[in-house]
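A, B, C and D are the chain letters, set down in written order, and residue numbers restart from 1 in every chain.
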Amino acid sequence: MNFSLDPWVWISALLSLAIFSFLYKDNPFYKFAEHIFVGAANGYAVTFYWHNILVPSLFDPLFRQGKLLYIISLIIGVLYFTRFIPKISWLVRIPIGITIGYYTGASIPAGIQANIIKQIQGTILTKENFLSWHAGNMGIVWSLILFLGVLCTLSYFYFSREHKGVLKITSRIGIVFIMIGFGAAFGYTVMARVSLLIGRLQFLLGPWLGIIK
Amino acid sequence: MKIVDLMLKIDRRIIYLILAIVVILPLIIPSAQHVRVMAPVQKLYTAVDTIHPDKALMIDFDYDPQTQPELEPMALAILRHAFKKKIKILGLSLYVQPLGLAKAALDQVTGEINALAKTNSDSVIYGRDYVFLGWQPPPIVPILGMGESITNVYKKDFYGNQTDTLPLMKQIKNYNNVELLISISSGDPPLWWVSYAQNRFGLRVGVGCTAVSASDYYPYLQTGQFSGLMVGMKGAAEYEELVEKDLNIHKRRKASEALPSLTYAHLVMIVFIIIGNIGYFIKRRQK
Amino acid sequence: MQRTFPLILCFIFGILGIIPFIVPHPVVQHTDEFLRNDLLRILAAFALVLGLGSLLRVHFDKIQHRRENWQYSWVLLITFFLTSIIGLFGGVAGTGPLPTRIGNFSFDIQTIYLNVEVPLGATMFALLSFFMASAAYRSFRARSTEATLLLLAAFIVMIGILPLGNQISPHLPSFAQWIMDVPNVAGKRGIAFGIALGSLATALKILLGIERSWLGGGE
Amino acid sequence: MIFTIFLIAIAPPGPIRAYDTPDDGGGSVIIEWQLSPDDAILDGYEIYRSENGQDFEKVGFIGKSRNSIDDQTQDYKRYYYKVAALKDTIREFSDVSTPVMSSPQWIDRSKVNIFVALFILGSIILYFISQARKGRELYIRKISGLQAVDEAVGRATEMGKPILYCPGIGYIEQIATIASLNILGEVAKKTAQYNTKLINPHYDPIVYTVAREIIKESYTKVGRPDAFDPENVYFVTDSQFAYAAALDGIMLRERPATNFLIGTFYAESLILAETGASTGAIQISGTDSLAQLPFLVTACDYTLIGEELYAASAYISREPLLMGAIKGEDWGKLIIGGILIIASIVGLLTNLPVLSLFR
């Protein structure tokens, strides 16, 4: 059992144990680590925003290179602080409006391409899609199941009619596909998370305590 | 019926304790679990095994402390395999953070071999048998540039030597002299290697990735763009199995040692789910 | 004026967000680049400063009124100011004016990130394995046919992807992979269509000023 | 006499064509050629460019058995190209291409299908929204998750315990965040009426500012502006796991009777849902984050899946505009279903390139 001598290994090991202590119950060690986490996270964010965004993209071009165009970004940015001044607090809606407007606009074509057009392309029954399974003529069966599954799941999200008659059957089949999908995803993610747990324990047992070489 | 209440009221902390024990014990008492090797890993192993003597294997180390548990065992297994078969190796990273881990893996395996090596020929010499090129930002520059000339992109290697003075680099000019590239990463690098290096220069690409990011890569294996795929600890353990069985190299098999923990953890979860359901059904029938 | 002007701005910038998707001309692409890198990223930086102000105010207030767990607010504030000073003056890679090394113990922001943020984040992920176990035990009930299907699919995949699955039957791993490739994709795709349409509807409502919740209260 | 080894002669690449790259922002030209008959033994192809047709300089290199490459150029300038088959030091040049000039285009034709879909779906949705504004009666079926919202608020009031409303860790422009803020507005009206404490911790500074206003407005609409306590709405941090850890702390200390986890979630969703469940609180979640739905479905009492979240914010507020949008989305689903069926029939019976419509 040869302990590590690196102070940083000790710090990260003790912080890890403090977080693991939450499994027992909420306790001072956990609260301590939790507040260190929030403090360090925001400290890192301030550093990142200052060195990687504010200095290179605003202060340098504006004050050092004198590009007056950047005054606009500065003024709109400062408007965020009007929120604390009651009389003109509505001005905060200008930077918020710009941010929401741009990202909402940009999300429309990207969303249609990725979530509608590409998904339709993958579901249509064609010879090309049959072959894409690389499973010989079983590919036809898989494509059919996929096709029906998508249509039934779509019917589950149909809100204009009560789930009765045909719609009752198709939406039941739809929820079956949804639940199988969730179960599979749950199972797969369990393995991913346990791998991370094993990784953390290999760090504590290896580099820190030296139990495993 | 006291048992039923007991079944339903197992305290969360007991579950946590059992899970912790079940994961820790196999790590402390290592017993590498033997694994059946599946096609994706066998394909990668064969691709490395059949590398032409005068061609090189290029390895892109792109894992960080968080993905190290799943990906480092892959790097170690591939290095042991390639060095045992006297295959020339070029190591590189597309980002700065993995450099330290890449150097550690190279040093560990070359150290193991040189400790046993008696003569000059069966030891591994830097510059002759392997070169560590280091890091060149942005990633697209090395990926495209090495198609024409590796020494133009990496004028100096990780240690600062002039690359064109290294004997190995006189033999390995560009991708034409590289039979296979293996990208060990959980992000986009494997997809870049295919869309740039493979599409333009026909470079064969093998991949080692984490379990979480596997679903994005399977299609590339099916279309043949990947010449092999190792996924998560299980993939690493399969490669370790081949390295031990085919080349009878007996070294610590970190991924295989972690598999029992993985298996028991899953079984514990399944057992508790079953207990919970049995208790639930008995309770319901009582009502 | 206090409501219509921001709504007009939102509409204009919405159009500015859509156009670069179909117009490759450099005139459009360069303005889009300026908007993204120089305007919007700076607004995000100012928004963070605003949020930090609220965070610091809450914790100063907690200390002042000796509210429950106020001592930990000190821990938070000290850590925050320490990391900010080290980060701001020590430079991103320890290259700033402030020395970030005593002997061979270096504490630049990158080292702090690797030895505080990463382990804490990784341990949080590791906690998930425990929480999954207890959540599964406590709530994974075969209450209905759908829940039973979720359960069975989870079992098949959890065992199928392990070497154990292979020993039980060589077909189990491929069956687990099939569940991931066909029913899982069908279910996800159906949900994705719904979400995409919902997103489109909400996005159009925001741009056309129909959805105004982001304006918040007040006249 | 220099002893000349018999050099292997290699055949040059075939006819070469250079043209402006279509549908791009300019500054790029595509060069195509026919593979040299000796392609198999080549090292690759070198690309040479000249501005006057005489003196050429090498600008590119590509592996063998590839017959096209793009080259970065200055717009509106004339260039000539030729390609050399390369084997060690032997180069065999193709003939020179006709001059070519690169230029930017205003429309990327490969994206047109997206904007056609945007036009069709967009106009249907806007049509139903305008119908709703004119007061036309629209019907939406019951959404089973929403009864749970009323019961959950009622339960918290009876027990005199607070309600925790977590808007997720999405940004203000994310649709799930906006839907969550809609539901938050309705829940705030209820907590105002029953004078129940509503705790609303935030991950994003902008969402925090908007939520504060929405809650204040809900309290004033119900005639209880005095009951609004700004202390209960605050920004915690914009770091994923620090936020999850902080919320767990709140759940264990404040012991809320009901937790709402509605909005965008990532891996931290299970930490929240599991800790909340362990405190015995009723949990209602709603998200369009596909990867997190499996955990929220298992750990919460009720989960609004994907579009149900959007429909729920419409149903709960009875807002005609929101109802109109849901009707438009339903028609969108009918169209998608129709396209899938028709395109499949066409794709199977004929060999028209149906898939290329959806590249």
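Convention: a residue touches a chain if its C-beta (ideal position, glycine included) is under 8 Å from a C-beta of that chain, and two chains touch if they have at least 3 such contacts.
Computed from a predicted structure; not experimentally measured.
Visitor: When you average C-alpha coordinates per chain, which one falls nearest the overall C-alpha average? Tell me, please.
Guide: So the chain sitting closest to the middle is A.
Visitor: If you average the CA atoms of subunit A and of subunit C, how far apart do the two points sit, in angstrom?
Guide: 4
Visitor: How many angstrom between the C-alpha centroids of subunit C and subunit B?
Guide: The separation of the two C-alpha centroids amounts to 27 Å.
Visitor: Find the geometric centre of each of subunit A and subunit D from their Cα atoms only, then give the gap between the two centres in Å, rounded to an integer.
Guide: Roughly 11 Å, centre to centre.
Visitor: Taking each chain's centre as its mean C-alpha position, how far apart are subunit A and subunit B in Å?
Guide: Averaging C-alpha atoms per chain gives centres 25 Å apart.
Visitor: Two or more other chains in contact with one residue: find those residues in subunit A.
Guide: Correct list: 19, 22-23, 31, 34, 37-38, 41-42, 45, 83, 96, 99-100, 103-104, 107-109, 112, 116, 123, 150-151, 154, 157, 178, 182-183, 185-186, 188-191, 194, 196-197, 199, 201.
Visitor: So which bits of subunit D are touching at least two other chains?
Guide: 111, 114-115, 118, 121, 172, 175, 206, 209-210, 236-239, 241-242, 245, 249, 253, 278, 293-295, 297-298, 305-307, 311, 326, 329, 333, 336
Visitor: Residues of subunit B touching 2+ other chains?
Guide: Only 12, 16, 66, 211, 215, 262, 265-266, 269 qualify.
Visitor: Sort the chain contact graph into one of these: line, ring, star, complete or other.
Guide: It is complete, because no pair of chains fails to touch.
Visitor: Across the complex, what residues on subunit A touch subunit C?
Guide: 7-9, 11-13, 15-16, 19-20, 22-23, 31-54, 57-58, 61, 70, 72-74, 76-78, 80-81, 83, 89-90, 93-112, 115-116, 119, 122-123, 133, 142, 145-146, 148-154, 156-157, 174-191, 193-194, 196-197, 199-201, 203
Visitor: If you look only at subunit C, which of its residues touch subunit B in the complex?
Guide: Touch list, subunit C to subunit B: 114, 118, 121-122, 129-130, 132-134, 136-138, 140-142, 151, 155, 158-159, 161-164, 166-167, 173, 180-181.
Visitor: Per the contact definition, I'd like the list of subunit D residues that touch subunit C in the complex.
Guide: Answer in residue numbers: 23-27, 104-108, 111-112, 114-115, 118, 121-122, 125-126, 129, 172, 175, 178-179, 181-182, 185, 202, 204-206, 208-210, 212-214, 216-217, 220, 231, 234-242, 244-245, 249, 253, 267-268, 270-271, 273-275, 277-278, 288, 290, 293-295, 297-299, 305-307, 309-311, 321, 325-326, 328-329, 332-333, 336.
Visitor: Sort out for me which residues of subunit B touch subunit A in the complex.
Guide: 13, 16, 23-24, 27-28, 30, 66, 68-70, 210-212, 215, 222, 232-233, 252, 254, 258, 261-262, 265-266, 269
Visitor: Touching residues of subunit B toward subunit D in the complex: what are they?
Guide: 12, 147-148, 175-176, 200-202
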